[in-house]
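Data block below; observations after.
Labels A, B and C are assigned to the chains in the order they are written; within every chain, residues are numbered from 1.
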Amino acid sequence: MSETVAPLLSLSHISLSFKGVKAVTDIGFDVAEGEICALIGPNGAGKSSLLNVINGVYQPQQGEIRFAGRARRAMQPHEAAVAGIARTFQNIALFKGMSVLDNILTGRNLASRSSWLEQAFRVGRAVADEEAQRAVAEEVIAFLRLQAWRHTPVGQLPYGLQKRVELGRALAARPRLLLLDEPMAGMNREEKREMSQFIREVNQVFGTTIVLIEHDIGVVMELSDHVVVLDYGRKIGDGEPEAVRALPEVIAAYLGQQRH
Amino acid sequence: MFYQESGQFSTRYRQDGRALRLWQQRAALWALLLLAFGLLPFIGNDYWFSAILIPFLVLSLAGLGLNLLTGYAGQLSLGSAAFMAVGAFASYKLQFLLPGLPLLLSFVAGGVVAAAVGVVFGLPSLRIKGFYLLVSTLAAQFFVEWLLTKFAWFSNGNESGVITAPPLLVAGHDFGSPAGRYLLTLSVVLPLFVLAANLVRSSLGRNWMAVRDMDTAAAVIGIPILRTKLLAFAISSFILGVAGSLWAFTYLGTVEPHGFDLSRSFQVLFIIILGGMGSILGNFLGAAFIVLLPIVLSILSGTLLSGVLPAGQLENLQKIIFGVLIILFLIKEPDGLARLWQGWRARARLWPLRF
Amino acid sequence: MSFFMEVLLGGLLAGVMYSLVAIGFVLIYKASGVFNFAQGSMVLFAALTFVSLLERGLPFWLSFVISLLSMLLLALLLERLVLRHLVNRPPITLFMATLGLSYVVEGVAQALWGAQVHGLDLGIEDTPLELGGLMLSRFDLFAAGSAGLLVLLLSLLFNKTRIGLSLRAVADDQLAALAVGIRLQRMWVLVWAVAGLVGLVAGLLWGARLGVQFSLSLIVLKALPVLIIGGFTSIGGAIVGGLIVGASEKLAEVYLGPLLSGGIENWFPYVLALLFLLLRPAGLFGERAIERV
């Protein structure tokens, strides 16, 4: 990736607080098109808050978000989705009452071209449109090897599979930028390996840019091209994985992090 | 990628998207339709039509209306009867103001007016959620009742507020007989059910359920929350409005605000709790239950307890049984009769293999 | 001006009675997270039991005690038969269960005691009383006084006793309360019984006004806008909300009613509550939290 190309995502001077509690303080960094960027840091460092700022779930008090060439004071969730940002959540946020297939199909909602009247009468574009969305969803299901659970209500799936379905819902939108909040939390070694594999494939096959939060340093080193370290809402490291790992501040911040 | 059974997609998705996936289901449906249209009108008696079938159909439709809003889109409402009242009065008033307006068109127009009113009372749903939304729908309930009783214009200057429904003429045919009213009701109710069944399987239906299950995540994947909620209010109120017209025109034979009081709203809510929230079939099951239970109870008490139970006590008993059933269902079968029915069917299908 | 003041004060006093119903509701919501639609039926049940006993010749205090015990029994049964089986269900399910409950309680109350209207005389004449040039209803003042006394007792119970401490812990954080060994189920019974007591007092005051009859259960519909304005979790909010609804309802009835040909008291509080909500979505005292994801 040459230096002259503008980054896909660029945050500058982002500050966010909740009733006086500072979650994020004056943070800025760039994410280049096509890279995997890892956000790391101890619990409560402000990692999730930052993802929420990027796709408009939280509105920062200060700063600017530039995505795909367009600068904004703050994102709105809908705006972010339209611009091509998709994400998963730290605490799984699936639609519990719906099947795996339907959850993944909701990821296609912005691509749907038929009106609700056409859908009610099953006329015009409605049927072909539904089939087109279904085909994309089916590709995602095959990619994530979820065929066996297509019609299972997601509430009945084990935790690891739910995480995979959530990734599927995000992938169905064919995003430009994928935000993953602890996609491997609570998984066993085998599940983690599988999930890393999926993430790498998404990045390589579809060229999707990825920002992910992860506590497992081993996984981070292996997977990411770029690491940003947060501590108490501030940025204390930013660069290539190996270089960042050697920074004294990062080592200091991570000494208390053995729990994870 | 090689798990895909390539080449079968377009036909399979279409079949997969169908409301009824098995040919047995479709055959049963055709048989039911034949029975409902071809046989019942000839063998049913007036009591069956007027006291059972017509209220059953209309209440199923009302249940459907509320179920789209509450069961699918997750917006709690205690104002169903208000939207029914708006539909009934609007189609009555429109028929009066535009003589020659076809009956069915006036039902649709009444539904459209109800939808508009529904949107107005649904607007607060953007800022307020959950139980707080009860206030908006209860405001609708009380405000509409008040409006229709206080202002004689709505009932054409009729002080009592009760007006006789006009004759039921469709394309020159009089559907005024009990069998005719039944057929008319059936022909309005069924198509609406088909449309709703299509809708809940479409992308709008999925958006509704997404908003119901987790609205933050829904917003994040780009579902327009306001539009989705307001469409739920509009479509739900449209259906309730048509149900209101049917209730007044084909069941009661009069148009009056008291047919649409708070207890009617509760009744519609109970239909979807008992029948199953988020189920299309459940509306029929719940409505059948609500219509049949009082009848069965009064027959039972007539034969078993004749003379023992005073008339007033029967009503109390009914109330207690309803209440207990509601609680029991919520505890044991929160997905309602529809789920029970699925369970029985699944067992019946496997039946010979069970041993 | 003095006419305005009279209307306002009359409204405020009536509002006290709304607050009373709302308080029972807040107690339950805080302790068990249940949006209790059956609060109105509980008021009806308590009042109906009380007058029926009184009419059968029991002395006032004995009727009161028996009614109170019947509310305790109701709370016990409720916890055993309903609440226990619905833990961890979505709030909407619990709410609907209380709808069913209200049917059961009303049905039982009327099956036991009949459906006719009972007069109730608490021995307070409803003659106007002149206070500083304003005519006020003696009964309303008495009602406000009793309500005030009850609220005082409740705050003593909550702030000065061990039970109160446990209750506050439960209201704050159910899991934490469980962890320190508080028995949740006993707390539920207690709080439903206390709500029953509040219901009994409310039922007597309302019943003395309107007669003890079925329509008493409908006062839950008056309490709802009160709750919305005051917030579901604040007793102070319930009191202030009641006063606001009472006062504005009376004022609207007197000044706005004639313009709209009357009868607006059914919907006015709701529209008021709706306006409040649009301005302050988390109620008068609540602060809006940003949802965590």
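Definition applied: a contact is a pair of C-beta atoms (placed from the backbone, for glycine too) under 8 Å apart; a residue touches a chain by one contact, two chains touch by 3 or more.
Since the structure is predicted, the reported quantities are computational estimates derived from the model, not experimental observations.
With centres computed as the average of Cα coordinates, no chain lies farther from chain A than C. Every chain gets a centre from its CA atoms, and the centre nearest the mean of all protein CA atoms is that of B. Judged by contacting C-beta pairs, the busier of the interfaces A-C and A-B is A-B.
One inter-chain figure worth recording: chain B and chain C are separated by 33 Å, centre to centre, where each centre is the mean of the chain's CA atoms. In terms of their C-alpha centroids, the spacing between chain A and chain C amounts to 47 Å. With centres taken as mean Cα positions, chain B sits 41 Å from chain A.
Chain contacts: chain A has residues 57, 89, 93 touching two or more partner chains. Multi-chain contact residues of chain B (touching two or more other chains): 216-217.
Residue positions 293 of chain C each touch two or more of the other chains. The touching residues of chain B, counted against chain A in their complex, run 1, 3-4, 9-10, 13-14, 16-17, 195-196, 198-199, 202-204, 206-207, 209-210, 212-214, 216-224, 231, 235, 278.
Taken together, the chain B residues at the contact with chain C in this complex read 76, 124, 127-128, 130-132, 134-136, 138-139, 142-143, 145-146, 149-151, 216-217, 262, 266, 269-270, 273, 312-313, 316-320, 322-327, 330-331, 334.
Residues of chain A touching chain C in their complex: 18-19, 48, 52, 57-58, 89-91, 93. Chain A makes touch with chain B in their complex at residues 55-57, 77-78, 80-82, 86-87, 89, 93-98, 102, 105-110, 112, 114, 116, 119-122, 126-127, 130-131, 133-135, 138-139, 142-143, 145, 147, 169-170, 173. Of all residues in chain C, only 287, 290, 293 touch chain A in the complex they form.
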